[in-house]
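Structures for review follow.
Two complexes, one shared chain (chain A), two partners (chain B, chain C).
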Partner chain A sequence: MPQHAILNLVGVSKSYRDVEVLQPTDLAIEDGEFITVLGPSGSGKTTILRMIGGFTAPTSGQILFQGRDIVDVPTFQRPFNTVFQDYALFPHMRVVDNVGYGLRVRGVAKAEIARKVAEVLQIVDLGDKADRFPNALSGGQRQRVALARAIICEPKIVLLDEPLAALDAELRRSMQDFLKDLQRRIKTTFIFITHDQQEAISMADRIVVMNHGKIEQIGSPREIYRRPGSEFVARFFGENNLIPGIVEQNAAGEACIDSALGRVIVPRDASLAVGSKVVMAVRPEHIKLVPAGSTVSQSVAAEVRSVTFLGATSQIALTIAPQGNFAIRVSLPTNDFPSLSVGDQVVAAWAPDDLTILH
Partner chain B sequence: MIRWSLVRLAVYGIPTLLILCPMGLFLLSSFWSMSGNKMSHSWTLANYRAFFANASYWGIYLQTIKLAGIVALFGLVSGYIVAYLIWRQRGPLRYMLLLFSVIPLAMNYIVKIYAMRGILGFNGVLNSALVWSGLLAKPSTMFVFNQTAVLIAMAVIYLPFAILPIFLSLERIPHSLVEASADLGAPPGQTFRRVVLPLSLPGSVVGGLFVMVLSLGDFLTPQMVGGSQGFTFGRAIWSQFGMAFNWPFGAALAVMLLLAIAIILIAARLLTRYRRTS
Partner chain C sequence: MTRSERITIAVLWVFASFVFVLLYGPAVLVATLSFFDMDRGQIAWGSFSLAHYASLLENKSILAALGNTLMVAFTSVAIATILALGLAYYMRTGERRGRAYVEFIIFLPFVLPAIITGISLLVAFREVGVDRGLTTIAIGHIVVVIAIIYRMVMVRLEALETSQLEASADLGATQFQTFRLVVVPQLASAMVTGALLAFTISFDETLVTFFLAGSDPTLPLRLWAMMRVGFSPEINALVTIVLLGTMVLATLGALSLRRGIAKERA
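Let's turn to the complex of A and B:
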């Protein structure tokens, strides 16, 4: 448990009748971090957010805020604010009244509310839309109103439930930068729910990958990208070639695995029992192509099956020669291989460190 | 093409024939008069003059509007309370309660009036209960054959007509707005006052006005529980058609009632237009 944890989920679970949507889960969230909870729909990510916000009660477990269990504290007394997926702006209130709502219900003086609302609207760049009603705003503007409304009360944690899902790609990217920037500026913990791994990579300090109601892996974007902890993470988080194999020997500083890529050498790992089945993951961009006939220690002969031009990079599908039907994908800068065509014989090579063993 | 224009003719023609034509005929006949037992088709304003000249018609007219207004207010307030309590429930219970509260809509109107008579009568349930509880020394004649009786009976009979539109206007409020309000620090009471009530009020007032329109034209309830004291404008119209056989005058009275209803409906329309959610 990290020392600076602002929020701790301890054995938190949620079931509806017999269906367990969240298995008992532990999660420590540190003060001031931007944490992204990433997972496909039905993975339990929204359930976690709703339990932190107090909209759903956990079936079991504790939610500790600064060490104190808040499971029984009603939503309106929790020092968190939420940006809802559908924004949930009050349609009968102008932008200023929406943004000032949290202060108004706390009985803050009118002049103080007006001052703070103007300040926050400045931050989200909506100063000129203050007197509009929500239905007279565009999607991106509503989004920013929802954000302004959520930060004006200076919450200890801002909860964001897929807030960018409804925006188009360009607006989304600029909102990602804006959110990340804002979070650094106000130094508040952000818990951001998304199903978009690109979004998670570009914004988060730490990513929590979820699947089937449990946490698959927690780590920095780089860690998760480089060392996916499970087959699900390897598949869900960016592209990966998954290669099954059997551990042949595990001694003298290295392990040897018999796989579709031939005999593969990986650093010795005590948990690899000889004879056990494993799956290895290697990213398409970590495989290099060398001319046929080259002898590189970690390589395999292959045939080009297709070349897909994607702009700066190209995606090449290879069939491994001895197996005949095992395919891997390789991603290379387009300029590196001006003349590669279907049927060419090549050798695919990789560095042992780029292989990740999935248990 | 021809088939489509036939369909269009039916779509616009049938309502015109069945609704607008009778109303037009009404309007027309309100400018006619009776000479002896025959209707004279010469134009006259005598019917309207008679209405405005006779203070007793005026009085009944205003009194009936006031009565219907009180019934509507009762329907709005108690209908809102019932609808809100149903709305707050979750799961199957909610729709079960809603069903129970609107079942009276499917019951025969006359049966309901008789039921109300049984409750309000001199030896009725209400009086018995009040005497039994000691609130009254002996049964009161307050609840039968007067305006109060008409008021109570109509308020009860028309309540389901208010509950349904009020429930629907509550149901239209996205649950995330209630959650957002709590999230921003509003206790349940403030959430109700600042979010739920303002968003459901226009639809609820329309429900109340609906009840008002229904009770304005009602002549059967006043006749059966109102006795000679509970005279309403609806009964005045009915007596012109059914007893005095002065149809042109009856038509003029009906037009006056229609005017009141039209004003109410326009008010309702303005209310719902004042705010349209996205």
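Let's turn to the complex of A and C:
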């Protein structure tokens, strides 16, 4: 257990009757980090958040906050605040009363509440909307009221349950920047739940990828992008070409895999047993096209099947020549190959380091 | 507008007027009669006065009956509202086993023939040894009206997102603070509407009351008893006053309901 972890989930699981929505899970959350829990619906990500918030009790395991088990501490005594997916603003209260609610129920003096509310509304840039009712606000404004309400009590952890899901694309982007900036400013741990991998990449210090009630991989956005730990992560997290193969040999500093791309050399890895089946992942942008006839050690001859113009980049579908029916996708800067067209013979090349073996 | 359309509209007007006369004619007649005397089956138009109202104020037995009715209505509605609110909140704030059965049992007296409710309560009170009186009437009325208030409150509670309760707890509120600051304010209009409806039901409840009344009659019972000896003209004054009161209550109820709906939509 790292010394600086503010929150530790130890063997936490959740079952409803005999359906296990979260398998026993360990997770250490560090103080002050922006951690994103990413996964499709039903992956258990919201369950984790609800158990930290105290809305759902775990079936087993411990939740340690600063080393102390808080499983039996009721929600209203936990030093965390939540931004709900539907914002959950109180419709009968004005913005000021919504934001000041947490202080009011703690018995803070009225003048002090007014001062802090004004301060927090300034931070979320809603100073002029203080006397409005929630239903007179736009989606983005409600979102910021919910945020202001969650940070006013200076929680040790802010829990965010897909708070941007209901906003349109442009507003989402600006709210992402805003949230990230706010988190740096108030130096508070943020646990952010989302099913949007783009959102996770752009905001998180660390990402926890979940699927089927368990954690698939934990790492920085860069690590997870470069080195997906499983086939699910490789598929879910950005685009990937997945290439099946069989390990031919594994010695002398490198391994050799017979695959749809021909004989592929990868760095030696003790876990690769000769004869075993593996899946390799390679990103579309990590495949280069070199002119036909070039001899590059890690390459394969291919034919262009389609070219999709996407603006700055183009997406090119290739059919690998010897196999005939194995297709890979390549993403290239449009300007590099202005005249590429369907039917062209090319050679696709890659660097051994850009291949990731999935176990 | 074509000829046939004009005829259709004219016919509809006649129908509508007929319905209105049927609905409100007797009431208007009674109100009129409360200001005039009758002379050989004719209204004596020259006799306008408030004399009937004055003699109503003299009629101690009717005033006492009215007082009993109001007292029973206020007490039973107040108690039923509190019970319905507590029960509805309890049912809403968790997976409660047997909720469907409990709701069925609450609604039963509302749809059951009043005579059954009345007799069962009468037998029950006698077995327990409670003497009939205003208290037994009030209890009977609670049984009858609790369903309507419960329903009104529950509909509003169902619309209240669970996340509101969670958000309140998340922000540090105790259960009671959540109830007082988040739940009750949002239920206020439903409670007022339910209470007003219940009040009108309790006000003219006769059958159940009949079985449970002791020596103090409520207004409907008193009027019913008077039918045998014939009405005196001050009854017209009384009916007019009750009519006015009912209209005011109904208007208030409709306004409160509409405010609730408007809030819901916003």
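The rule we apply is simple: the second predicted complex is superposed on the first by the 359 of 359 C-alpha atoms of A that agree within 3 Å, B and C clash if a C-alpha of one lies under 4 Å from a C-alpha of the other, contacts with A are read in each partner's own complex, and residues count from 1 in each chain.
Everything that follows uses one rule, which is that a residue touches a chain if its C-beta (ideal position, glycine included) is under 8 Å from a C-beta of that chain, and two chains touch if they have at least 3 such contacts.
Quick caveat: nothing in here was measured; it's all calculated off a predicted structure.
Look at chain A after the overlay: chain B and chain C clash there. In the superposition on chain A, A:F237 makes contact with neither chain B nor chain C. Legend: residue contacts after superposition of the two complexes on their common chain; A:W350 is shown touching neither chain B nor chain C. Legend: residue contacts after superposition of the two complexes on their common chain; A:Y101 is shown touching both chain B and chain C.
In the superposition on chain A, A:F190 makes contact with neither chain B nor chain C. Look at A:F34: by the touch rule set out above, it reaches neither chain B nor chain C.
Overlap of the chain B and chain C contact sets on chain A: residues 53-55, 74-77, 80-82, 84, 86, 88-92, 101-102, 104-106, 135, 149, 153.
Chain A makes touch with chain C in their complex at residues 53-55, 74-77, 80-82, 84-86, 88-92, 101-102, 104-106, 133, 135, 149, 153. Contact residues on chain C toward chain A in their complex (touch as defined above): 161, 163-164, 166-174, 177, 181-182, 185-186, 263, 266.
Those residues of chain B whose C-beta lies close enough to touch chain A in the complex are 174, 176-177, 179-188, 190-191, 194-195, 198-199, 275-278. Across the complex, chain B is touched by residues 53-55, 74-77, 80-82, 84, 86, 88-92, 101-102, 104-106, 134-135, 149, 153 of chain A.
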